[in-house]
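These are the structures, in structure tokens.
Each of the next two complexes has chain A plus one more chain, namely chain B in the first and chain C in the second.
Then we have the complex of A and B:
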């Protein structure tokens, strides 16, 4: 493994399908050895970003660098270090689990079949069962075991838990976190379920309207934002810091601010804001709102 | 073996939840000096939590003098954890709080109002400490 600080970097990355931009002007870094969540509503560009990251799509503008190389060159050396689990964890449904493992072994430069077999045995998933006959949770576990058997330096997962029930979700996360703790790989996964992110992720990227609206370490993001509640005011809001969202009722005003000091005015109360409220506030911002300080300034199209 | 739990909806950062649980267990005697905390990998897999988060919690507990990490062996609860308070102090603080609760109830505050007031005061105190 290279000792670089970032497993993935993009610069001005964009992807256009005919006349529609699926992703625009995306410059960000995914730190090595961390678990990064990519959050955004449906259609925000998450899948496009992940597919660009693993070399399944070629960028329209800008560049991607994964583990120090471009994934678009498709060299087996780079690809062998990236694991990718597509949405709905697709498997060949008529293959037995054992056949899937054999396929994995044949198609990859490195493939730790023993590791995959131990994982599946632990989960009591029979190797002679056809993939299509397994439950959704088991299929997800098989797909994860196959991806982990590559012993990737970077594991990319697209909505890995979207179709799973709560028990299967927890089991999936347990397997994933166990693997991260054992191997120290970098994980990047997309999701639109915020509450369970905080326990598994330490870095966050929020995509909205095809752009990055927020990116950073979760702990610092939570520290940097405050919720201010006070008497109704519509003027001079920025005195309190960068206002992310302002809500007014008849008598009082609620502000979500970034990098804010305390409002000097009496009657104002400041409280910490949870990750979920923070993410929701950024997702509620309309398209074209000025981007957060960590992202690049936008260039008019 | 000590078992952690995580409440995703509590709004308290996960690493702090782990710190609080160890602190409380030591205070209440569920964790005794010399006890070994589970390995980071064990906690990660058991409660489906990021290993970096567990490491951060253990680091903080170490800084507070509650536990000591021994390379290759694990993390152990200290002989005289710095964060424990004497039973007398504990009782006296609890009495004070009970007296305050009595006054607040007499003034007509219900549980929700009590919580709101307490949280506001706590946040205020935190901000003053930072400033």
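Then we have the complex of A and C:
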């Protein structure tokens, strides 16, 4: 595969702050034209990963490549192809919306001011209002409009909806998805909320304890995993190598396995697993445990 | 980027501009009045034998403008204010508000962002401090002519030094802000560093920027001698006297204890101290920096602070290069 088929590729990527690793040994690829969700609990290293991806941070180990180039070069050309919306959508609060647009125009190679103005007009966000006087949802929309006006090939969003109320979340998601449908750009966003992902993403990366524990196309990930319900067993299930999680009730044992759909053993019933349960199972796993197939984090596009 | 720099920092530029303008207007008002005391220029009133008009003018200068020295000593913090208020928020405000993530993901590489900010705000710092020192240099002109320019209320506020101080404060506040990620503590740290370096340079290094000159002479029989410090002067009131002292006829320096003992002995004998010393061949000496070294000293002072500022800004650049934020 050539580099351009991936919007983002990392190889052995790691970042250490003083003595603690925020991210380690991360090798994965994000195919172009997809909407990828980066899921993990707070403190899992999501923000670090995204900042490394957009070139805000320098990696301690490994490398990262965005759209075939290293964001570490920090050239205007690389920067102009990446749109970034940081957590809590920071903006200059004492700037009016119009001034923020002017900032975007004066600090970017290509900046589609008309696009931004149309988006803001649709949302009835006044241009003469100071950013700090807007509601949280409106500020997020302004930040999104600024990022989209760069006409980026890769849009990276860090917990874009974390601080928004349910109505604003929905509106934000609609705005984002409308833009993706119109432009066909690659989107990578982080979230710690699973349900809203299923509607909008087709690719998934699960980050836990500073490591990538699951990555791939959502449909194939769901296909590869299934739930097995059978009589209660106390055998060392981890040894099987495919068990992601085992839960025991008084009589039954429920296993989440990644075995690619092998026929179930006699006495065990197989059923598909939903995305949310799948993600939660991976998030509940303690640090340092790996299921054989998941160790392979590079996923076929 | 230029527009962004102006838009982000115009509040500081206007406030500090107003500060300098207010000081300038005030000094202009009182300065014109002071300059009018010497219609023919204060140069005519230098020396011991001066005309009646001159002695009146000098008396009025001391009476009506005697506050100048205290006021000017207070003004010595103005260069710090100028530099620190430009420098402290430069990086720290972006880190405080999280907007660094916004600013450095536009299409302007962060090194260019930093270069423009440092260049523009450093220039504004130097220009404002330059205007400030120009106004003071003008204001103090009669006093400079009469009393010299090496006092703390003159040297530290005139010529090139204030621009050097302001740039140092700018760099210290910028670096502290980049390290601490907070504007207000950055100002406090920068103030501590500013005072420490200023005191160190003014008190310890400046007297030796160049080897001081030394005059030695026999104590005159009629001299009004003082056991503490010889009242020896270089003959030019504009020179900067650094130290004075006595040596005995063999060239050995006399300690304060020695001279006090001699003073009591003189009193016991009932002779004047000056005559007593003269009889014993005691010499007095003075170490000083001649007045004409003023600009050399200004250049050295500005170079020290400018060099320190450059080193601190290099630290900021290095931190940006490493992308540790």
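Following the convention adopted for this analysis, the second predicted complex is superposed on the first by the 274 of 301 C-alpha atoms of A that agree within 3 Å, B and C clash if a C-alpha of one lies under 4 Å from a C-alpha of the other, contacts with A are read in each partner's own complex, and residues count from 1 in each chain.
The rule is simple: a contact is a pair of C-beta atoms (placed from the backbone, for glycine too) under 8 Å apart; a residue touches a chain by one contact, two chains touch by 3 or more.
Everything numeric here is computed off the predicted structure, so don't read it as measured data.
Because the two structures share chain A, they can be overlaid on it, and in that overlay chain B and chain C fit beside each other without clashing.
Residue contacts after overlaying the shared chain place A:150 against chain C, while chain B stays out of touching range. Seen from the CA centre of chain A, the centres of chain B and chain C span an angle of about 150°, rounded to a multiple of 10. Once chain A of one complex is fitted onto chain A of the other, the partner contacts of A:6 are absent, as it touches neither chain B nor chain C. With both structures placed on the common chain, the touch criterion links A:268 to neither chain B nor chain C. By the touch criterion defined above, A:35 lies against chain B but remains apart from chain C after alignment on the C-alpha atoms of chain A. Once the two complexes are laid over each other on the shared chain, residue contacts for A:200 go to chain B alone; chain C is not touched. Superposed on chain A, the gap between chain B and chain C at their nearest CA atoms measures out to 25 angstrom in whole units. Residues 51, 54-58, 72, 74-76, 79-80, 82-84, 86-88, 90-93, 95, 99, 102-104, 106-109, 143, 150 of chain A are the ones that touch chain C when the two sit in their complex. Partner chain A is touched in their complex by these residues of chain B: 6, 8-9, 11, 13-15, 40-41, 44-53, 119-120, 123-124, 127, 131.
Every residue of chain C that touches chain A in the complex is listed here, in rising order: 1-4, 7-8, 97-102, 104-111, 322-325. Those residues of chain A that touch chain B in the complex are listed here as 33-35, 170, 173-178, 180-182, 195-196, 198-202, 219, 222, 262, 269-272, 274.
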